[in-house]
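You will see chain A twice below: alongside chain B first, and alongside chain C after that.
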Partner chain A sequence: MIKVALAGNPNVGKSVIFNALTGMRQKIGNWPGVTVEKKEGVCKYKDVEFHIVDLPGIYGFTAHSIDEKIARDYILKEKPDVVVNVVDASNIERNLYLTMQLIEMEANIVIALNKMDLAEQRGYKIDVRKLSRELGVPVTPTVAVRGEGIEELKSAILQASKTKRKPSIRYSDGIERYISLVESKVIENSILPDCPLRFVAIKLLELDNEIMKEAKVGKEVIEKWISLVS
Partner chain B sequence: MKLSELREGESGVVVEVRGDSEVRRKLLDMGIVKGAEIKMVRNAPLKDPVEFELKGYYLSLRRKEAENVIVE
Partner chain C sequence: MDFVSELAVARYEKIGEIVGKCVEKIEKPRTFSDVIDTVVTDKYVGIPIFLSLMWAVFQFGYSISVPFSDAIDVFFAWCAGIASRIENPYLASFLSDGFFGGWGFVLVFLPPIAFVFIALTILEQTGYLPRAAFVVDRAMTRVGLQGKSFIPMLLGFGCNVPAIMATRTIDDEADRKITIMVNPLMSCSARLPVYVLFAGAFFKESAGAVITLMYVLGIILAAVMATLFRKFIFGGSPSPLLMELPPYEVPTIKSALMSSWLRIQIFLKKAATILFIGAVIMWFLATHPWDATNGGELIENSYASMIGHAVEPIISPLGLDWTAGVALVGGFLAKEIVIGTLAMIYGVGEEGVADVITQHFTPASALALMTITLIYVPCLATLGVVRQELGSWKWTGLVLAYELILAYIVALIVYAVASVVML
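Take a look at the complex of A and B:
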């Protein structure tokens, strides 16, 4: 059995993809303790069972809203085997921001580049191969409302579950210096050892309230750390 | 000028996003980043919220939030 999560911005066709993958085999409930809908379903492909969870539609993982917190906790704590990042091809720039964050969280992602028909109508020409190469993750174009690309997506999910990639995004040297410094402090103080190191370091640098709380590190401490650079 | 000061049909380019870290973060998450072109589409009946268009999609913001965005 493969654990799969669907993540993406609101209104990208995530639910359509979820329905296309799972068909009638769905279970709808709530996330524990909150009134946010949780949709789960099963999909069988080449004798392998995918257990699919549809995460709430979000713009980022800053955990300010309950939706973002649910999605973040699920990916970091439940560690799904594959995260299908549904990207709206007609709004690709804004959508890829979430992709960047998923990569930083070291999620094993597969991109479903959805609404390809709409992107074409808008005159966008997307070089899918190049996008995949630049990001270091597999990309499958889909038009979910017409069922196009769904079989290819299933095959990409299965593939990805066998080969865990670890792409990473390099920032400018200046920022990387701060990241490595904070990383060393995170190791030194064994902060959140179950979470990806680079992700924790970046979030602490962003002074992300939620992560600071979980790590029990205050703003002053982080500011003291980074004063050591330069 | 502030994004909230744009009139219907006017557009500008984002030069700065202010506000406390939470508001700022959220605006950035939604695509309001430096250099983005943004157009004021229309007001809701009581002039709040306001609808904007950027990068090919529509976004509604409270007037208060739009005050954090500086455009040129």
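Take a look at the complex of A and C:
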């Protein structure tokens, strides 16, 4: 059995992809402790069962909204084998913002590049192969409302579950200096060893309340670390 | 250094770099979607377009469901008729009035809810709903709510249960809580029969105006309470509405049916259990103690009557007697029960109630009863869903308390003013 999570911005066709993957084999409930709807379903492909969870539609992984917190906790704690990141091809720049953060979390990502027809209509020509190479993540073009690309997506999920890749993307040198410094401090103090290192470092830099609480690191400590750079 | 924005910049830099390499943009003229948007989000025609679309949804939902509801009604009446012929009078009474009456009573509401869900899901899939929220945001901000609160408020005119569940689309917690708390003030369709009956019996020609008045009163009170909750409990201001307008799409019937089916299942599971149990409780109260009521014949000796007399001193300043008391207590289970209970107490069929009530009420006390029905405790199903969505008994208690107090005060004012004006 493969654990799959669906992540993406609101209105990217995530539910349509979820329905296309699971058919009627789904159930609806609540995320534990909150009243946000949780949809789960099962999909069988080449004798392998995918257990699929539809995460709430989100733009990022701060702890400000319940939805973002749910999605983040699920990826960090439940550690799905594959995270399918549904990206709206007609709105690619803004959608990739979430992708960047998924990469920071070192999630095993498969991108479903949805609404390809719409992107074309709007005059975008996307080089899918190149995009996949640049991001270091498999990309499958889909038009979910017409069921196009769903079989290819299933195959990509299965493939990804076997290779277990951890994508990584470097930002500008300026910010990377801070990230690697905090990373070294995180290792030194063995902070949250179960969470992806880069993610913890970035969230600490962002002074994320939840992570600071879990890591038992105060604002002053982080500021002291930061002052070491330069 | 503010690393939140530093990192955002770093991410977008990288995205720009990647997109620059992989995506080519050929400039195209304005899309069809843009053209529609300039019309439907227009400052002046936006709201009229929105209102007519919503009206169409409700009209579709309720009119198409009438034969289905009638069929369900007839079917369960038929079952109840058969059950009433059972030898054992206790079993006969339970099965016909409690069990089949209860199920029929619950399932009659299924068709309108299902069809409204389907119509709304289709509208949602076209991508129109975010535009609607955008259009009404300004008016809503003024009363301490936000644009996304509007759909749940509007749904409240149909039934508060799905309306409150629809607040899940509101991401700000304070906004969501306020929307849930004032939602029961939107006059749901279950209250309409009560208005129709009393307005028809007492105000004849101006019945329509009186009913409209009740709806308007509900809206005004919701606006007032939302403002008060915002000001004194939650503070702050409604979170700004930041949303993207997704391109329009042709909805797919299959996906629409599937999404609606999931929602309908939730309604069936949660509301039906509560509503059904409620109907059985009402049957129990009206027919017990079994011997004293002579098997449900003598309602004056029932628990229902005891409850009515206990409530009477509280509501007599509003010109209401114990029969109204029982009806209102029954209406706590579901507002539809108000009329059914009155019919049961006066020992007439539901058709005969209109004649009898003129002996028990004055025009002023009729108005008071309508006002209370509008405002006081949401029905059990709504209260259940309020509890579920607010996630705490404390908040649910607050909703219950403010509505009881508000109902009493407003009804008192209405009764006093009406008594003076109509003398």
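Points worth noting:
Quick note on the criterion: the second predicted complex is superposed on the first by the 230 of 230 C-alpha atoms of A that agree within 3 Å, B and C clash if a C-alpha of one lies under 4 Å from a C-alpha of the other, contacts with A are read in each partner's own complex, and residues count from 1 in each chain.
Rule of thumb we're sticking to: a residue touches a chain if its C-beta (ideal position, glycine included) is under 8 Å from a C-beta of that chain, and two chains touch if they have at least 3 such contacts.
Since the model is a prediction, treat every value here as computed from it, not as a measurement.
Counted by residues of chain A touched, the larger count belongs to C, out of chain B and chain C. With both structures placed on the common chain, the touch criterion links A:L131 to chain C but leaves chain B unconnected.
Once the two complexes are laid over each other on the shared chain, residue contacts for A:I66 go to chain C alone; chain B is not touched. Contacts of A:E151 after superposition: neither chain B nor chain C is touched. By the touch criterion defined above, A:Y97 reaches both chain B and chain C. Shared-chain residue A:E49: touches no atom of chain B or chain C. By the touch criterion defined above, A:R122 reaches both chain B and chain C. Of the two partner chains, chain C is the only one touched by A:N19; chain B is not. After overlaying the two complexes on the shared chain, residue contacts for A:I226 are found with chain C alone; chain B is out of touch. Across the superposed pair, chain B and chain C both touch chain A at residues 90-91, 93-94, 97, 122, 206-207.
On the side of chain A, the complex with chain C involves touching residues 10-11, 15-16, 19, 24, 26, 28, 34-37, 39, 65-67, 90-94, 96-97, 100-101, 118, 121-128, 130-131, 134-135, 145, 169, 171-172, 175, 178, 202, 205-207, 226. Contacts from chain B toward chain A in the complex involve residues 21-22, 25-26, 28-31, 55-57.
Per the touch definition, chain A reaches chain B in the complex via residues 59-60, 62, 64, 90-91, 93-94, 97, 122, 206-207, 209.
If you check the complex, the residues on chain C that touch chain A are 1, 3-4, 6-7, 10-16, 18-19, 21-28, 31, 127, 130, 168, 171-173, 244, 246-247, 249-250, 252, 255, 258-259, 262, 265-266, 388-389, 391.
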